[in-house]
């Protein structure tokens, strides 16, 4: 799987001159949606099918800090998926020296856009179900 | 009209240790929606009627900076409204000494949530139209 | 301890029409700094003493969603503090019906602003140390 | 000059399902700093010399909207620069069909990081001054 990477944006820093802690959940999202696109399930396709994937849990362990001028690199792994729920693990490294900056995980469920009721992807999008199943690590 | 005010949030600062410039458009939005609520047209009511109010123009002139620990106070004025379009003027002051921090304006149109086609509030929400008309300064 | 509460800002929503998941870490921060101010240790005082308090860990469990128009209320508790590290627990409720929206915790360390080396608040700010000690729940 | 482009992030959308208006100032910043890097003056170099470049003015005209799944492309031009102040003009297009999404401009001054007093780049960073001068369009 290709690593997700990009430069740090200036507006992501706070007055400690480091990337603000809340941005790590945004970075996880960027990397997760990039992963889904890589395996052939762009999130737009999911939403076009009337399905939303809200976050139900998130954890971040901050080891080092990121500064403006740094590049971030994220390794994402789909760790659990059963059609009703999926979990991802993330490692954020700094480009260049590959220093471990942070790690964490998030869990998500699938709901119907209109009713907001939980659903199982196996019934609703069998093809996407199979692809996700095949990409659990 | 009551002034809109609140404390600066830490995450609004950037590595210059001042409130990041993009947040001023967010602050304008907070103040504008507060104004609409004050005059009896909460934005939720507009959206419940299937109407959206996208921004079509924005201008900010930054005079001074805001730091964490400061309070912001915003004076909002509805400067133009004809049912199809409305404009607001803003002044952001620092609490305490009332120093002028920034000023600006935004313009907005009204569109149908489903069709995304521009609409006139006079036909679609006559009551809201009258209230807004009466509050132009 | 007074509850921290405010209205949801429009810009906090995402295309699912709910408050975006990353904002919960920002809300935790708002509530935590409000708590510190309430007990007499405004964060500005800490920073004026050349001390920063980076986040080392964060966890969020999302139970329900928040929409524009909702009020959020946060209960914060200082759960651990030993001078070198402190942890907080949070519960976010919806105003009105008090529905539990999310809960979580964060941990923080203290570092010197210039050297970025960890420090113990007991030596560096004994007064703040005593106050925090006295407010562990 | 190379165009600045990237995918829209999910968290940039709001409940109208479009990129929130305040993000355009962030996008301008991304494109501007990319431009500076392209011409050989990365912003980190400026800051390493103890110089900050706060924004003094910003204007955005929103023509169309951006959605999640879209790619944004920004054309940036340095329109004015005299050592004390510089201005940029921006056009944001949608990738693929090149639809004009928004245009705008920003102005900036140079200040000393410590004293926060305005300075002239011609004296303080003559090399950067010459490069910027040569890139006015």
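By letter and in written order, the chains are A, B, C and D; residue numbering begins at 1 in each of them.
Note that a contact is a pair of C-beta atoms (placed from the backbone, for glycine too) under 8 Å apart; a residue touches a chain by one contact, two chains touch by 3 or more.
All values derive from a computational prediction rather than experimental measurement.
S.K.: If you average the CA coordinates per chain, which chain's centre is most distant from that of chain D?
M.R.: The chain lying farthest from chain D is C.
S.K.: Pick out whichever of the two, B-D or B-C, is joined by more C-beta pairs in contact.
M.R.: By the number of C-beta pairs in contact, the winner is B-D.
S.K.: Taking each chain's centre as its mean C-alpha position, how far apart are chain A and chain B in Å?
M.R.: That pair's centroid distance is 33 Å.
S.K.: How many Å are there between the centre of chain B and the centre of chain C, using C-alpha atoms for each centre?
M.R.: That gives a centre separation of 28 Å.
S.K.: Would you mind pulling out the distance in Å between where the CA atoms of chain B average out and where those of chain D do?
M.R.: Going by mean C-alpha positions, chain B sits 24 Å from chain D.
S.K.: Specify, in ascending order, the residues of chain C that touch 2 or more different other chains.
M.R.: 10-11, 18, 22, 26, 29, 68
S.K.: Using the touch rule from the top, collect the residues of chain B that touch chain C in their complex.
M.R.: Touch list, chain B to chain C: 6, 9-11, 26, 29-30, 33, 42-44, 47, 68-69.
S.K.: Could you pull out which chain A residues touch chain B in their complex?
M.R.: 10-11, 13-18, 20, 22, 68
S.K.: Residue numbers of chain A touching chain C in their complex, please.
M.R.: Touching chain C from chain A are residues 16, 18, 21-26, 29, 52, 54-62, 65.
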